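Which chain is which? They are A, B and C, in the order written, and residues in each are numbered from 1.
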Amino acid sequence: MTSSSLARDVAPKLEKVRRSKRGVDTRPLVWPSIGVLLVWMIVPLALTLWFSVLNYNLTDPTSTGFAGFGNYLYLLRDPALATALLNTFLLVGGVLLTTVLLGTLFAVLFDQEFYGQGAARLFVIAPFFVMPTVAALVWKNLLMDPVNGLFAYFARSIGLDPVVWFSDLPLTSVGIIVAWQWVPFATLILLTAMQSLDREQIEAARMDGAKALARFRHVVLPHLARPVTIVVMIETIFLLGIFAEILVTTSGGPGDATTNLPYLVYKTALLQFDIGGGSAGGVIAIVVANVVAFFLVRTVARNLDS
Amino acid sequence: MTKPRTKIVMTFVGWGVAFLIFFPIIWMAITSFKTEIDAVQTPPRLFFTPTLENYTAVGDRVNYFQAVYNSVIESVGSTICCLLLAMPAAYAMSFYPTRKTKDLLMWMLSTKMMPAVGVLVPMYLIFRTTGLLDTKTGIVIIYTLMNLPIVVWMLYSFFREVPKEILEASRMDGAGPGQQLLLLLLPLSLPGVMSTALLSIILSWNEAFWSINLTASNAAPLTQLIASFSSPEGLFWAKLSAASLLAIAPILVFGWLTQRQLVRGLTFGAVK
Amino acid sequence: MATVALSNVKKSYGDVSIIQGVDLAIQDKEFVVFVGPSGCGKSTLLRMIAGLEDISAGELRIDGAVANDVPPDARGLAMVFQSYALYPHMTVENNMGFALKLAGIPKAERDAKVMGAAKILQLEKLLDRKPGQLSGGQRQRVAIGRAIVRQPKVFLFDEPLSNLDASLRVQMRIEIARLHTELATTMIYVTHDQIEAMTMADRIVVLRAGRIEQVGTPLELYHFPANVFVAGFIGSPKMNLTPVVMKSAGANGATVVAPGGGEIFIPVAPTAVATPGSAATLGLRPEHLTLSDDGPLSGTVAVVEQLGGETLVYVEIGDKILVTVKLAGSGSVHVGDRVKLAVITTEANLFGSDEMAMTPLRRAPVAGKGH
């Protein structure tokens, strides 16, 4: 469906609503944005669904015709999917836990008064602005390299064997890099939220005799509950799509150890040219993301009312 | 009031944490001024003769400047497209809200939830069929669509801070929508529009899924070029560091400039 | 020549009805004030006349021509907003000349008009400043100047003084009244402050819950309120509204029993609801009560407010029923005193159980203001 035919269908119904207030016709202003997003939303999605039920391989011209749920069945039987799903959840869960805990800690820390607070804060949020490929390569080589890396040097200098990060702890290594990029995000959001906390509430708690820990537990934490939810949900959306960090560090390996859902789809569709199978994987990714999105949209919508 | 001693302790703790978090970037910056030999020395050298040879070496690679150029065109181009589409929409939604406006905003947000990987296959095929594969136009289109919801949301929240009565007064004065946008809203919310533009540039500049999958040499931005360093140039740590530092420096500055508005944009106005 | 006529004008958002059918004819050069408590729809009504809100039903005529669908800038009106709504990034001069610039009027002519308006409002020295550098009163004058420059057929004011402090408000009140005389233009003014309404209006329109309660000159409303609501809204200190019981009603008036048992004869024409034994409301302005040893009302002095030139005495005449008495000079009444109050019955208002006024029989009619 094109946006213009949709405009014709919906327009008469919207007419009354749109003109109901102050009589200004805003459709020509809003429709271009809606139109392109509609196309962006519908066309690829429809194609993904369509391809996912086809036998379609770019390198194999004989592979044609309707596959039904063949691609899905094949994928579901393939242990790689289970591994990819598990890796996806471990990565998302681990990074979430780390970033929220450290983010809360840092938010409290940088909410304190100290010398050069503003400048220190800038340094803490910096990693968020580092492009994923740079972050991954710097960590992989300069820091985590088992021979010449800085971590290996530190390990040796205290008499330990260096960790061979990407072979021994591949998923953890990727997780560390990703967490380094996202801790600043959690810190920044939670710190901003902290600063919107009514100082008088803290002072009132102080007057009531609450010690620092009690103040944190009973005043600060409840105030942070909503921003933490938001951080969790937004990070989840982005973390479900981690790709570049894996591509440049481990290429999904060793074996399938760091293959998550996006990487699996990439591998199936663009490395093995199995369009049908890749699309089926894409549909699964969409389903997973939408479960998360459902809750995120609900939270933000509630927020829009207040 | 914080006691002076607490404040000094907090200063050490705070800066300690800041240093640890920022350290990889510092180390990268230091490495970029080493020779390749110094870069892989164990124990790592803290004192060395700094050299600019990595930076000139980066410049020698023609495709580095090509990638910088591509990154600039793609991020700025998509940002301009986003603003052109989003400004009228945000203006209409903030000043002439209808009962549908809230649903519309939520719907726009929900398009962000579509995982890129879910539509990678069809986009790849569409791009291949239409000849958009490895073109700047293609990437600009993708980035525009990717950032449009966030840009609409941010502009919407900034425009809403302009008192409605000012726009009403201008209506009484005979200003049409175009004049209201250009003569009133744009100058009045210029800081907001600027930080929206910066956020859009940041997100496009650092985008590393579509750029890696849909570009090769022609339209490859810096994210894609750096990805290609994973081998074999990855072995040249000093050059990798120099190229990386140049790639992230401008965005780091943008990010610092716009950090507060960024929170609003990234959380869809839920945290201010 | 500019008249505004509303006939059966309605406004609703979905199922919520904001304006429930308003009929009103505003004459040329008239100063009409819409007054009422917040949420009564007065601002909405003004914004409908301005064209900022559309009209759900009914007809709006400006100078006889239907204006329902005319865009705001083409209606020939100018509006002064509560927040002034000045363009913060433009100088005073550009603020005032914005409409002319949009209309494509040449610079020289524009400057002349802006200068003319600036002179009237003593803004000549501030033309290069931006709104942020002005005081509240100056901003208010710029907002008015912006309206004057356009030489509108009708001026609309939406609570323009509510953001000013008390002394400035009095000053601007006088200035706007003077402007009305000077410009001789129709003005419609919205306020929730009945003092502004009383002092400035040729005619006051009292609104409540989207309906007109009464239209009249300030003194008509003061002396002949149509119902309990208008009686209570107009006048400061407020009219005493005392619950009474009807005893008897005849052609010359009605006798009521006040709290405490005192009987009072009020010369009004009783309405159908004024049956003996029914509840009624006695409306007494504080200045129409006097201390008197044989008055029908008696009670204890609860509070005394000395204002110098006059004294307000609050007397508790029944369980929790306070009446205000305004005495000239600095009286010698003290808290706790037992007092008796007499009533100037020709000035008393009596409202039936339907809250509508009964027509006073022996009161002199008031002359209208202006015209």
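Just so it is clear, a contact is a pair of C-beta atoms (placed from the backbone, for glycine too) under 8 Å apart; a residue touches a chain by one contact, two chains touch by 3 or more.
If you're wondering where the values come from, they're calculated on a predicted model, not measured in any experiment.
Novice: Count of steps on the shortest touching-chain route from chain B to chain C?
Specialist: The distance in steps between these two chains is 1.
Novice: Select the chain at the greatest separation from chain A, using centres from the mean of Cα atoms.
Specialist: Most remote chain from chain A, centroid-wise, comes out as C.
Novice: Per the centroid of Cα atoms for each chain, what is the distance between chain B and chain C, given in Å?
Specialist: 56
Novice: What whole-number Å value describes the gap between the mean CA coordinates of chain A and chain B?
Specialist: 16
Novice: So the centre of each chain is just the mean of its C-alpha atoms; given that, what is the distance between chain A and chain C in Å?
Specialist: Distance between chain centres, rounded to whole Å: 59 Å.
Novice: Using the touch rule from the top of the page, what residues of chain C touch 2 or more other chains?
Specialist: Residues 52, 71 of chain C touch two or more partner chains.
Novice: Identify all positions of chain B at which a residue touches two or more other chains, and write them in rising order.
Specialist: none
Novice: Which chain A residues reach two or more other chains?
Specialist: 20-22
Novice: Which positions of chain B touch chain C when the two form their complex?
Specialist: For this pair, the touching residues of chain B are 163, 165-166, 168-175, 179, 184, 187-188.
Novice: Show me the residue ranges of chain C that touch chain B in the complex, using the header's touch definition.
Specialist: Per the touch definition, chain C meets chain B at residues 50-52, 71-74, 77-79, 81-83, 85-89, 98-99, 102-103, 146, 150.
Novice: Which residues of chain A touch chain B in the complex?
Specialist: Residues of chain A touching chain B: 14, 17-18, 20-22, 24, 26, 28-30, 32-34, 36-37, 40-41, 43-45, 47-48, 51, 106, 109-110, 112-117, 120-135, 137-143, 147-148, 150, 152-153, 156-157, 180, 183-185, 188-189, 192-193, 196, 226-227, 230, 234, 237, 240-241, 243-244, 247-249, 261-262, 265-266, 269-270, 275, 278-279, 281-283, 285-286, 288-290, 292-293, 296-297, 299-301, 303-304.
Novice: In the complex formed with chain A, which residues of chain B make contact?
Specialist: Those in contact with chain A are residues 2, 6-8, 10-11, 13-15, 17-19, 21-22, 24-25, 27-28, 31, 40-44, 85-86, 88-89, 91-93, 96-100, 102, 104-106, 108-126, 144-145, 148-149, 152, 177, 202, 205-206, 208-209, 212-213, 222-224, 226-227, 229-230, 234, 237, 240-241, 244, 247-248, 251-252, 254-256, 259-260, 262-263, 266-272.
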